[in-house]
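What follows is a set of structures for review.
In what comes next, chain A is part of two complexes: it sits with chain B in the first one and with chain C in the second one.
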Partner chain A sequence: MTALRRGVLALAAPVLAFVVAAVVTSVVLLGTGDSPAEFWQVLLTVPAGRNIVNMVNFAAILYLSGLAAAIGFRMNLFNIGVEGQYRVATFAGALFAGQAFLPGALNTVASVLVAMAAGAAWAGIAGVLRVTRGVSEVISTIMLNAIALSLVAYLLRRVGNRIGQTIETDEIPSNAWVPGFSLVPGETAELYGLALLAVVAGVGFAVVLNRTRFGFELRATGYSESAAIASGVDVKRMVLYSMLLSGAVAGLIGMPELFGASHAYGSTIQTGIGFTGIAVALLGRNTPLGIAVGALIFAYLAQQASPLGITAGISPEIILVTQGVVVLSVVIAYEVVSRYRSRLEQSAVAAALEAERRHEEVAA
Partner chain B sequence: MSRTTAAPAGRLAVSLHRIGKRFPGVVANHDVSFEVRQGTVHALVGENGAGKSTLMKILYGVHKPDEGTIEINAERVSFSSPTDAIGHGVGMVFQHFQLADNLTVLENVVLGAEKRHGIADAARAEIGRISTAYGFELDPDELVETLGVGERQRVEILKVLYRGASIIILDEPTAVLVPQEVEALFANLRELKREGNTLIFISHKLDEVLAIADEITVLRRGTSVATVLPGEVTSHDLAELMVGAELPSPSTEESTVTDDVILDVAGLTVSDAHGRPELADVSCTIRAGEVLGIAGVEGNGQTELVEAILGIRKALAGTITLAGADLSTWGTRRRRAAGVGYIPEDRQRHGLLLDAPLWENRVLGHQTRAPSSRGIWLDRRGARADAQRIVTDYDVRTPGIDTAARALSGGNQQKFIVGREMSGEPVLLVASHPTRGVDVGAQAAIWDHIRAARRRGLAVLLISADLDELIGLSDSIRVILRGRLVGEFDPQTVTPQQLGSAMTGASERTEEPV
Partner chain C sequence: MSTMAPAPTEHPAGQAAQRRTSGRLSRGGRLWLYALAVLVALSLARVVTGADDLTSAGTLRAAIIAAIPIALAGLGGLWSERAGVVNIGLEGMMILGTLGAGYYTYYQGVWIGLLGAIMFGAIGGALHALATVVFAVDHIVSGVAINIIAAGVAAFLAEVFFADLAGGGATQSPSLAQPPSITVPGIAGWSDDLADRGWFVVSDLAGLVNALTADVSSFTVLALALIAGTGWVLWHTGFGLRLRSCGEAPTSAETLGINVYRYKFVAVTVSGMFAGFGGCYLALVASSGYANGQTGGRGYIGLAAMIFGNWSPGGLLSGSLLFGFTEGARLRSGGESVHALLLVVALGLLVLAGWQIWKGHRTAAVLSAAVGAAALWWYLVTDTIPGDFTEMTPYVTTLLVLALASQRLRMPAADGQRYRRGQAG
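Now for the complex of A and B:
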């Protein structure tokens, strides 16, 4: 297969998916009596500088969430519990940072590590259950989500301070805050300092997955568990490790906002990010770059949702429909393209062999 | 057998004419023609990959043929789904049962065929009628999960009959059965035949084919090469038709066996999940430069022996020593790193990552060693270069090392696995059916590679169902029967008949040691 053809095929799936998503969304809009033209006009308006910053901040958070889900997906582990791991981890990190055991930046680093450890431990419960008792991680992580929400809410009431309508953990001392930096010139809204964690985690994921033995074994287990076992991969250990890793990355999700804006864990914490991450991972085909694209698209759609109601009079919830349709059509489009690709590959093999045989016959 | 020597008369139930079917990159069938008379058992034989299953899926409406015609009861048909096929009285019993364990026999039978006789008394009566007519002895209210393999198969046949089929395709029905069950199945089949049903029996077990069939069609490389009568051929004749030309006869040159014991298995015992013994007190030794062949009917403990040696399956008792080191407590990875090469029985499930490129498949099973890795890092360049070397040295037909393993043909996949497992100078090669399903050319190449490695002092444990392969490659042959090593033979003097009777337990005595 030529490089050009390969490139065209690589682009075919996302383009196909977005065309389908656009058509379906428009049809839904027509069905509800809204104007698709106005919808697309609002959606395709170039966002203002402040909105771009918000979008990138949100994308960084979604990226970490997508990454956490993707680590499990790469070896067919469905960690649905990113949400719970993120809540537990952010709470633990905020609680630790609020105590100011350590000075300044040391406190920041230690708190991030505490959050990762808490996320890993929470995910590890599902991992241990799967490895020792054969409990499906889908079931256990869903249940652990419910437990995490209640547990954190309970602990927050025990240790938190009531501030107006909300309860919050002790505020992190300002010397441990991570300053943001300017993304759009002349704009006061800043990118979270710890948004860079997304870049670090993404590069780390890419390197580990593609360049290390561990990553190879992880992918091998995902491709074929039976072949991995026969090749000396300890699949149980891999299950446990990847759950721990997935939970640790889930622990990072809350960090940019915690150290950049909220400075405390409160009952106003953003919910549902762990679930959106699953969709982002699917959209990004579980590859480090793909997830980045997926996170940006989701963040963009979310950011453009708010003006919808104001300027076009369309309920912003339509964006959720668009997001859902995008994920579905991406999954389907990639499957279609990958089948087509493998057919092409097989006929390429056949054609090569046929040519060789003819050549031999001529020679003989 | 005498009644089958005369060509069975009667009208044609099935007539296939010049059937062809291509899949991307593969010609699965071409120019296949044969006819099946009503009320007979017609056997379809051929090696793995000869196109038997594809052909039957065409007849059952799963695939549409690219060319050729099908006639059922003298009527030209074109099926676009199995439902069409069943409508014309063609049913299929798959090798892998398609039953819901948590439903009863009755529920399984009526599932999807509720319109025929409802789901209550009428259905029960019909099941009872069929069951009695053919001696199936099935209780409609028993849960399928409590049934044995033979009974499940009868449920499958019952399902097909219930749907009104009179032409029944059986895809390797004996593969999953023990000998007594095979006898029971054959009794059922004879009963079915007597009632006027037509049976198409797919197998590669020639003795069974000769015992049950009225006519035999041989497929080779996707095409029908001959239709013969069982009374007029021997199993050797059939085998020759299946492989074409003469049987390839591997022959070892002078012995290269040394005194160095490489593998020493002592008292190895393995049980399944229910505590039933799968291997009982197995002991054997293999020296450097020696090929130990293990003969046996499939399912007598070969898989368990291999997996216990590789550390994939836990041994209940016994020790395994590799070049003096006790590896009983080692995991699979450490055993492989210690120099155990492994050619698995099922290459697609255990030997390859089908969707990964070839060069990544070079790493599989060798991920801890050069040239695949350095420390914790994958050595992409090293793995790619070595994958290229294997492709060249082992004549793997592929456009390149970035091609997914799935795109290669079975023989080329196998050559790649052999090349991979021979690299890094292994001390022991565990080879399960190394040439199963590969073409004759690839087979000869694989044999040559094993012989060459043996000359360099490799110890080989060879599991094979191909007696000629065993006799030709091995320095000594042991027979495995019901989890025990029962006989020891010298391949120079042993005959296939001697091995055959040891494998089936006809002679329990042990031959003179080599």
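Now for the complex of A and C:
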């Protein structure tokens, strides 16, 4: 296969998926009597500097969430519980940081580690149940999501301070805050300092996945569990470790905003990031770069859709339909393309064998 | 996977023979015995703790109303997984059902509302079938995507449908008509009297009778009929046998001339229909209209109930009743009732631990005893359970039950595996 053809095939799936999503969204809008033209006009306006900063901030958060989900997905381990792990972890991190046991930057580092440990522990429950009792991690992580919601609400009520309508943990002392930095010149909105965690985690994921024994065993288990077992991989241990790792990364999701903007865990914490992360991971084929692209696209859609209600009279919720259809059609499109590719390869091999046979006949 | 490999033998003949001689009770008899044991335990807990609402007709009625949507979702899961397709998308199909019920009931009444909900659920099911059966996408991935789409569609369309209606809003419908309810004359009255006396076991039984005969929604009756009907269709008809063969050994089924794709497609679409009915029940019976986020993970709990019930209709119903009961107890004087349940759980686990020691499972026994002791300690040092914890009850129950039960379960052999036509060799 030529390089050109390979490149076209690699791009075909996502392009196809976005075309389908665009068509479905437009049809839904037509069906409800809204104007698709206005929708696309709003969605495709060039974002202002402030919006770009918001977009990148949100993309960094989504990237961490997607990464957390992808670690499990690579070995067919479905950690649907990123949402719960992220909440438990952010709460634990905020609580620890608010106590100011340690001075300045030391407090920041320790709190991030506490959050990672809390996320890992919460995910670990599902891992242990899977390994020792054979409980499907899909069901248990979903149940743990709901339990995390109530548990954190309860703990927040016990230890938090009531501020107006919301309850918050003690504010993190300002010496532990992480300053942002300017992304777009002349713009007051700043990129969260800890948004860089996304880059660190992404590079770390790529290295671990492609350059370590753990990463190799992870991928091997994902491709064929029976083959992995046959070659000596301890699948139970892998399940537990990747669940813990996934939870630890989920623990990072809340950190950029915690140390960059909110400085406390409050009952107004953003919901649904864990679920969006799953979509982002699926969109990006669970690869470090793919997830980054997926996170940027989802952040773009979310940011651009927010003024829809005011400027075009369309409920911004429509973007959830677009995102969902993108995810479903992208997985279908990848399947179709890979089937097409293997058929191409098969015919190429068949042609080569045929040529060889003829060559031998001539020689004989 | 090769289809030539011999299937593992479930029960060697000797073991089966031993089972026949040691178990003197039939399967049905054992179930009645378990039910009676649960009733006595709950009654005992009620008398000891004074949590009178624990087995009142009101609590049991709330339990049934909470159990039916879970059972319907589980029934959807049963159809799908018996045909070999894992359906995590039940939650999304249920969401679509709540929306369809809200829209059609508002304009056309309850019965068209039910049909609308079933249709919306079927659309979700067909989408899942398209992805998993036709395109052989991973079942979990497709299900997760469908849940995302369904939540988005419902949030968007709810605003379009209901925002401008009187009494409605961007996230909820106006209150809707309720399906008719049925009271059996001649039983409802005296059972209510008897239930109020507070007698050991007798009053609890009367409460149960009252909950099952007075003011029962017609949808509840319909749902129970569907569960029984599913048992008949899947286990007593040729269609059911072929459908289940697709979940056990699709390639073998193919060699026998069964169109596996068609059976799987039908099963998953029907699965969506049941989930849609479950959503309808939530919107019309369990509450008085559509609201965003109404399903609250019940699709997943339904799936858990089905797993707990070992992929069988009777099992999934008992699983659903278990989850429904914890929910019902929470809704009616939650703190007190759930606190009393803690005692039941503690004693139950301690008994289990004893049994496990007798059977020689030492690790399991230690685990059960530890959790049981913790529950007992919690019961003794508190008087009531805070609201946040009662909210957790159904989810914690799900986890505990799966942790205790999952090793005795057997799912359809080819459940969750991708199947492509023409692989039989």
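The rule we apply is simple: the second predicted complex is superposed on the first by the 364 of 364 C-alpha atoms of A that agree within 3 Å, B and C clash if a C-alpha of one lies under 4 Å from a C-alpha of the other, contacts with A are read in each partner's own complex, and residues count from 1 in each chain.
One rule holds in what follows: a contact is a pair of C-beta atoms (placed from the backbone, for glycine too) under 8 Å apart; a residue touches a chain by one contact, two chains touch by 3 or more.
Everything numeric here is computed off the predicted structure, so don't read it as measured data.
Model built by superposing both complexes on chain A: chain B and chain C clash.
By the document's definition of touching, neither partner reaches A:E257: not chain B, not chain C. Contacts of A:E217 after superposition: chain B is touched, whereas chain C is not reached. Contacts of A:Q346 after superposition: chain B is touched, whereas chain C is not reached. Once the two complexes are overlaid on the shared chain, A:E83 sits clear of chain B and of chain C alike. Set against each other, chain B and chain C differ in how many residues of chain A they touch, and the higher count belongs to C.
Legend: residue contacts after superposition of the two complexes on their common chain; A:E137 is shown touching neither chain B nor chain C.
Contacts of A:V233 after superposition: chain B is touched, whereas chain C is not reached.
Using the contact criterion defined above for the overlaid structures, shared-chain residue A:V336 touches chain C, although it does not reach chain B.
When the shared chain is aligned, no partner comes close enough to touch A:E168: not chain B, not chain C. The clash between chain B and chain C in the superposition falls on 91-99, which is one of the stretches 1-9, 91-99 or 343-351. Across the two superposed structures, the residue set of chain A contacted by chain B and also by chain C is empty. The touching residues of chain C, counted against chain A in their complex, run 88, 127, 130-131, 135-138, 140-142, 144-146, 148-153, 155-157, 159-160, 170, 296-297, 300-301, 303-304, 307, 386, 388-389, 391-392, 395-396, 398-399, 402-404, 406-407. Chain A meets chain C in the complex at residues 28, 32, 78, 80, 129, 133-136, 138-140, 142-147, 150-151, 153-154, 157, 275, 278-279, 282, 315, 317-325, 327-328, 331-332, 335-336. Taken in their complex, chain A has these residues touching chain B: 210-217, 219-220, 223-224, 226-227, 229-234, 342-350, 352-353, 356.
Of all the residues in chain B, the ones that touch chain A in their complex are 23-26, 310-312, 331-337, 342, 344, 349-356, 360, 363-368, 373, 376-378, 380, 397-399, 403-404, 406-409.
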